[in-house]
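Have a look at this one.
In order of appearance the chains are A, B, C, D, E and F, and numbering begins at 1 in each one.
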Amino acid sequence: MSAPAPVVAFGELLFRLTPPGQRMMVQADSLDLIVGGAEANVASGLASLGHAVRFVGLVSDNVLGDRAVSALRGAGVDTRFLARAPGRMGLYFMESGAGPRPAAITYDRAGSAFTCADPSDIDFAGALDDARLLHSGGITPALGPAGMALARAAHAAARQAGVPICFDGNYRAQLWQSWDSDPRGILRDLVSDATILIGNHRDISLLLDRPFSGDGEDRRREAAMAAFDAFPQLQIIASTARHLVTASHHRIAARVDRRDGAHQTAEIDVTGIVDRIGTGDAFAAGVLHQWLEGGDAAAMAQAGLALTALKHSIAGDFCLVGRAALDGFSASGGDVRR
Amino acid sequence: MSAPAPVVAFGELLFRLTPPGQRMMVQADSLDLIVGGAEANVASGLASLGHAVRFVGLVSDNVLGDRAVSALRGAGVDTRFLARAPGRMGLYFMESGAGPRPAAITYDRAGSAFTCADPSDIDFAGALDDARLLHSGGITPALGPAGMALARAAHAAARQAGVPICFDGNYRAQLWQSWDSDPRGILRDLVSDATILIGNHRDISLLLDRPFSGDGEDRRREAAMAAFDAFPQLQIIASTARHLVTASHHRIAARVDRRDGAHQTAEIDVTGIVDRIGTGDAFAAGVLHQWLEGGDAAAMAQAGLALTALKHSIAGDFCLVGRAALDGFSASGGDVRR
Amino acid sequence: MSAPAPVVAFGELLFRLTPPGQRMMVQADSLDLIVGGAEANVASGLASLGHAVRFVGLVSDNVLGDRAVSALRGAGVDTRFLARAPGRMGLYFMESGAGPRPAAITYDRAGSAFTCADPSDIDFAGALDDARLLHSGGITPALGPAGMALARAAHAAARQAGVPICFDGNYRAQLWQSWDSDPRGILRDLVSDATILIGNHRDISLLLDRPFSGDGEDRRREAAMAAFDAFPQLQIIASTARHLVTASHHRIAARVDRRDGAHQTAEIDVTGIVDRIGTGDAFAAGVLHQWLEGGDAAAMAQAGLALTALKHSIAGDFCLVGRAALDGFSASGGDVRR
Amino acid sequence: MSAPAPVVAFGELLFRLTPPGQRMMVQADSLDLIVGGAEANVASGLASLGHAVRFVGLVSDNVLGDRAVSALRGAGVDTRFLARAPGRMGLYFMESGAGPRPAAITYDRAGSAFTCADPSDIDFAGALDDARLLHSGGITPALGPAGMALARAAHAAARQAGVPICFDGNYRAQLWQSWDSDPRGILRDLVSDATILIGNHRDISLLLDRPFSGDGEDRRREAAMAAFDAFPQLQIIASTARHLVTASHHRIAARVDRRDGAHQTAEIDVTGIVDRIGTGDAFAAGVLHQWLEGGDAAAMAQAGLALTALKHSIAGDFCLVGRAALDGFSASGGDVRR
Amino acid sequence: MSAPAPVVAFGELLFRLTPPGQRMMVQADSLDLIVGGAEANVASGLASLGHAVRFVGLVSDNVLGDRAVSALRGAGVDTRFLARAPGRMGLYFMESGAGPRPAAITYDRAGSAFTCADPSDIDFAGALDDARLLHSGGITPALGPAGMALARAAHAAARQAGVPICFDGNYRAQLWQSWDSDPRGILRDLVSDATILIGNHRDISLLLDRPFSGDGEDRRREAAMAAFDAFPQLQIIASTARHLVTASHHRIAARVDRRDGAHQTAEIDVTGIVDRIGTGDAFAAGVLHQWLEGGDAAAMAQAGLALTALKHSIAGDFCLVGRAALDGFSASGGDVRR
Amino acid sequence: MSAPAPVVAFGELLFRLTPPGQRMMVQADSLDLIVGGAEANVASGLASLGHAVRFVGLVSDNVLGDRAVSALRGAGVDTRFLARAPGRMGLYFMESGAGPRPAAITYDRAGSAFTCADPSDIDFAGALDDARLLHSGGITPALGPAGMALARAAHAAARQAGVPICFDGNYRAQLWQSWDSDPRGILRDLVSDATILIGNHRDISLLLDRPFSGDGEDRRREAAMAAFDAFPQLQIIASTARHLVTASHHRIAARVDRRDGAHQTAEIDVTGIVDRIGTGDAFAAGVLHQWLEGGDAAAMAQAGLALTALKHSIAGDFCLVGRAALDGFSASGGDVRR
């Protein structure tokens, strides 16, 4: 039994600490501990669908890091290329929100072991040796000069190994503004390596420094075509459009653009929302699932939509949807399955 | 103070094991333990309304069985005729579901002490000696040859004692398919003993091996009349029609057919659903409550509807609605009662 | 740093004991313990907005009383004028309700240390010495002759010290009916001391013993004008109108009447309701916040509406909304704040 | 199957409310809810051993009372003679203690529905009609004139029906001092009806108003003989001697005196104490168990000792030890039973 | 980075379901869910110490099986050779015990997917291809003819691949007695394949059908020598001696016999016991850890003793002790490590 | 009612995050959140005994800081001089330990808002204006140059205001070693300002750079006299001697040295330990309590010993012992207080 070629995800592992139920932080006597991170969430989603997935990165060499590694392993992700080093875990504290009170995040991720890592601490070449895909994204380079160097090293190793790259825009203004950064320049470089981009017309506007004025699907197509022009390597652009009805009821549509056409799904109602965090990453996992299976734009959009919708019903960052649940997806859920 | 004549319920007691909140099984570090079983749920519903109720059956003679007995006693049900014998408890594991992720049940009830019992292990005659009604249903005979024998013995004892029978169809394809069974034949025999049938046009189609092609109320009336023709002893057929809006919002109507006419309630909105399990049993309890009180078809349908609606707001299998709450039922609930 | 002049709130501190989740009392193995009380809730709301607030009253001199004092202190309220005396805590037990099952309260507050207190047990003059406002309400006098005496003593001390009074009607029929009381007479006396009245046309009908027959805003204005006529000291009347859609979705509008005009807000949807208790007190806190800041009728109505809406999303009696959350209020909440 | 003659227990049902773990009350955000009461605890102990047990008394006719009834029923006790009436539940709040911090109880039981009941509210004659024994005790008459009247009525009904009485001294100074009481006179009257007394030399000193100066077993025998002299009906006196090593390690011996001799067990070590409350009641249940089985003084003392020791390992007031666990009792417990 | 040669563990994965705290089963409203199984526990212990470990076996192909797989993966064990098949999970229910009340297990593992598996369902050859050691034990063959066949197939594959075997006696009389079994014959065959035996003189008595009459260390040495005579392949016998002081305080010594000598450690006090289950498996893991590192008898005995002692402080079946904690082991624990 | 002169405590507020029960971090799905910090713990202890206490310092101006402030307020401490500023909260993660597994702390406090504060951010002069005592300690200056500056500023303000200083050595090697520090020089300067020193002979050795070779009390007296020589302002030195029997059983003695003599208490057994953290701070609070009351060395040592012993029974950092519990202290605790 020789192991299948894995998807490799690269990024930071974080702890989410959140008061139980809908308590506010000021009322909290305990905090639920959830392990996540944008790229780890994608890894969990692909592993749950049965794909071989490897996570590469670096995490604290203490009991907190052990906890993070255990979560990723529990989700079926290969962590042999997850380096360990002294330093703190990145954290974020989250209040869950309800009705008119929005969920709110207080970041405490600066100075983490990952943020302080040097590219030489991580064996990118080894991790990518036999890989089918590298999944990385826009949070790592936003963490500071060290994060930028890590992101560049990951891309370089993938290019070297001939491994295609999926890049998730994940633009976080707050992080970019915390240091003397050039987000456009850095992100352009990284996106220019990518075969797949997870991002919408706003991400592309930012990258290309131009507005897209049209409406709805037209604007999205125009932006996609501009990106395809600017980034010759790029083959696929995937995005969602989300409309908030209430905190526990959103409407979502998914879209995949290729150079030769696009598919946009109908908008579906997602009700009974349990956890909003990680739903974008679940979308990416759904798209990549179909890309790995050889699906077309419609299949990728549909799988992305289904996985993001299902993730809204799952507590925690990780997407734990198996293939049967994905195949049997219906937006309305339905009665108890006996 | 001489004890009033009891309703006797007969069936299996089960443990429901379910991850807390809306966690998936793969995330569970603990499981909520709930005691239930279709007929026990009906027993709990009638006892909570103040009726004398006795449960007859057989349960493991270990600490798990003690737990089940304690729950039934706690609900006010007489358990003196609940035999104890070696063997395992029937279990089912349930994930709660949310939004597009349906609740899902994994059964682990095969080979339970009840499923392996012999009719002679249970004192049906003693239990039914002074009874007003026997409540049994279609799950027991579906459990296998032993279950079929138990169901037949219960009915025989009731016939012997001149006690009328209420039979709840509760058709479970999965159970019937797990052995070399003849569901139609077995269920026809059992229904032919019944004075009251809980079941809709689909149950009757199955019993009579014929479709009912009409629409809405017409189809239901046609099916009921066919059942009255086929089963001379049958006087009452009670059923609900349920429409799922979202996982926490259903629309439900109730209907009672008698030989000389029928009553179907308006459809009501049931929102804020806490627990879907046992709501059909609560409907049966509501119908039987009015039957015991001498109510007409409209009263039975209305009480069944109210009890099933209220049960959706109660965690666990058991229906714990008292007479005041039933009498004060309003589908909209209303503001805090101070 | 000399301390700013405080708002003084006066009333009883209570324990709310409620089964976790949506369990019924008969299912409870534990009870959540929440400290509250109408006037304490207002105090918590104002303190959370940064106002200096002092609570005056009397609470059991045992570990239960310690718990209540700790909660109030934790919310930032000065408790130096909260006397301690032997006797029990006032309690109420609450089932949370869901869908058609309304939340229900079982009171157990008779004979509490507060209810048995004598005006001389409490240093009203000291507490009010340097105060900007006294907040009291209609529950204290409803508790019996001792409560009535306490309420009168509080008002007398405020008059003596030249401190304006805000009086919240909070009419509780059940309490008034439990003794040989004259609610109208007692409440008229107390309202005649007030500069601000929290109460709607039904409260005014009761006070003035006359109906107001108009519709909507007209009826409310007519009632307000009648109250201004009857109570020469009265300058402001604030009220809400609430419409229940489901147990977790209400529609609410707020209104403030002044002698020279009124402002009524548009009705907003409050969804995802976590806790209904204390939302009226949060409204009062919002109105008083703007009164303290010198806001006009519209500002008071808007702040009251925002604070009551936000309180629906907060578990417990206390209103823990800070100034930034109030300023950023939007009825729809919105996506996660990162 | 005709029901066996039951033991009848009479007393008040209480809620114990205690912070989880070893939290202090001032730290509590929730309270564990436990149903108990000295005589109900004895009832639970006998029912768990398989004896027919009936509880007679009166409890609130609200959801709190429902909770208490459910607990007693769940333990297998017949509650048909438990009257329901308006009024509050008796409560007590308990901090658990640890090491040098003793567990501490704050009572809040005054004015409960039971304390306010009239003998005519309770059908003592019906409950005792076919009984083998009445178990009552010294807490009920200590509750005030109404409690005293209830205790006398229970005894009178037992005398009338020829049912022997077991009386548990349970002297609570705090309760007797809360009203203008004559504890010695009242208790002497009640003990003079008893065949069995649960109490030690200190209880007898109090009853007979004389000291017993000897040491150890001699003093206990002297006291017992004095009690047999004073109370001609009395046949059995059962007591324990307890020595505290630490909060979770006690040493206990048990003793039963008969007119013709006595048996005192060796002292055993009880370690790993989970719950101290109800251990005296478990002792009474053990003694009565052997009395019902026809055991001699040694058997009664031994069963009492075993049951009280085992109860220390069980959370809650109730003694839930089955016959197999009692028969297999070893003070040292032993390794996991597989 | 080529993967190191793994230790392969083979056995059944089970769920332990246990009421929280020290509740009895009859009091349980929820059950803690713990994944374990003797050989999986050894696997977790070795993986936590940094060894490459692979688990081979078969588990239910449903969400329960997913949970079990996730736990094993989370502990760092390679589960690629863990087959999935229809059928139930083996379960056991456990009450925790306290003081005189022993922990008690109710098994519900009959008929599990593993128990019904055929050797051809599991890829033993693949799993053992590159292995350093096979760890198996006496529970699998005790499960019935199918279990026996699985155990034999595992050993055969190891022999074929030239992989040494460690066999843990783990004699379970209850399992062997549940079918028409020949434990001695079956176990002799399996032990004859082993290089390492985890078992004491009682296990050897059973295997060889003869008593060992000496005292203490002499008896243990005599038994070991008899085993070395009977099983020519056997090189190492490891065992513990345990003395129960109280349920939370044991005294334990460890011993390793080789053909040319033995080492028995001093007895140490293990206090503050959190979880007794899996402590024998932790001992085996400690012995194997030193065997893999090339340690002598003393090193094996010492590591076994340290790991078993530390496991008593860890909740759950798995041994999660890292190398630093093992190296820093002191029986007295010591003050907080800052 | 004019407010009494407060004790002022100065230091950092921290969050302790610890897995519930005795779980290891790698097993944690939630973390208990506890607010503490050495000087805040002393503040809580004095406030619980009824002293006026003010806390001065600086904490994050976000919801985490709100939580910390709320805890301190809830304990009755005046927080008006607690500044708020951007930045993170200091955290530490703690595993609880059991038996041979010691509790272990992972610090994550570097770069906190407090650690980055400038003396000018805090109104030391205002806070100390009317104070009786300043309590500070050796952790603040160990945090780095900024912490050192804060500590010096606090002392300078106290000297300016003529307020005596109590300094708790609290030597933390790990913190001092994390920067280019001169612990001896810095601490000597700070101790030279102190009237009271909490610290033992090891702390004094470090300050004076010399060993104390004697035994037991002699060595302690010699060290104390050396400190009195070196620090002319110093009047009182208080310390404990702790001996660990097991993780839940320690033996502790307390000692107070004055220039003219000393008092050392007998050693007491502290069993049933719930929480070790903050027990040293409770000792300091007990000593200061008697100093504030004018007690002699024996009274200070005795109160310190009692408070530290009682704190071992209280979960969390804060010492919540009231005056009655302190006065009624007995090392053995005793039976339930009814």
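Here is the rule we go by: a residue touches a chain if its C-beta (ideal position, glycine included) is under 8 Å from a C-beta of that chain, and two chains touch if they have at least 3 such contacts.
Chain by chain, the UniProt names read as follows: A, B, C, D, E, F = PfkB domain protein.
Computed from a predicted structure; not experimentally measured.
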Checklist entry - Using each chain's Cα centroid, which is most distant from the centroid of subunit B (PfkB domain protein)? => result F
Item to check | A-B against C-F, pair bridged by the larger set of C-beta contacts | outcome: A-B
Next on the checklist: What's the farthest chain from subunit D (PfkB domain protein) if centres are computed as the mean of the Cα atoms?
Outcome noted: A
Checklist entry - How many angstrom between the C-alpha centroids of subunit C (PfkB domain protein) and subunit B (PfkB domain protein)? => result 46
Next on the checklist: Averaging over Cα atoms per chain, report the distance between subunit A (PfkB domain protein) and subunit E (PfkB domain protein) in Å.
Outcome noted: 40
Item to check | Averaged-CA centre spacing for the pair subunit E (PfkB domain protein) and subunit C (PfkB domain protein), given as whole angstrom | outcome: 62
Item to check | Per-residue overlap in subunit A (PfkB domain protein), given as positions that touch at least 2 other chains | outcome: 24, 26, 29, 66, 70, 104
Next on the checklist: Quick check on the complex: what are the subunit B (PfkB domain protein) residues that touch subunit D (PfkB domain protein)?
Outcome noted: 1, 3, 66, 69-71, 73-76, 80-81, 123, 126, 322
Checklist outcome for this item: In their shared complex, subunit A (PfkB domain protein) is touched by residues of subunit C (PfkB domain protein) numbered 270-274, 309-310, 312-316, 320, 325, 329-338
Next on the checklist: For the complex, give me every residue of subunit B (PfkB domain protein) touching subunit E (PfkB domain protein).
Outcome noted: 17, 20, 24-26, 28-33, 62-64, 66-67, 70, 88-89, 91, 93, 95, 104, 106, 108, 110-111
Checklist outcome for this item: Within the complex, subunit E (PfkB domain protein) is touched by subunit F (PfkB domain protein) residues 21-24, 26-27, 94, 97-105, 107, 172, 174, 244, 246-248, 276-277
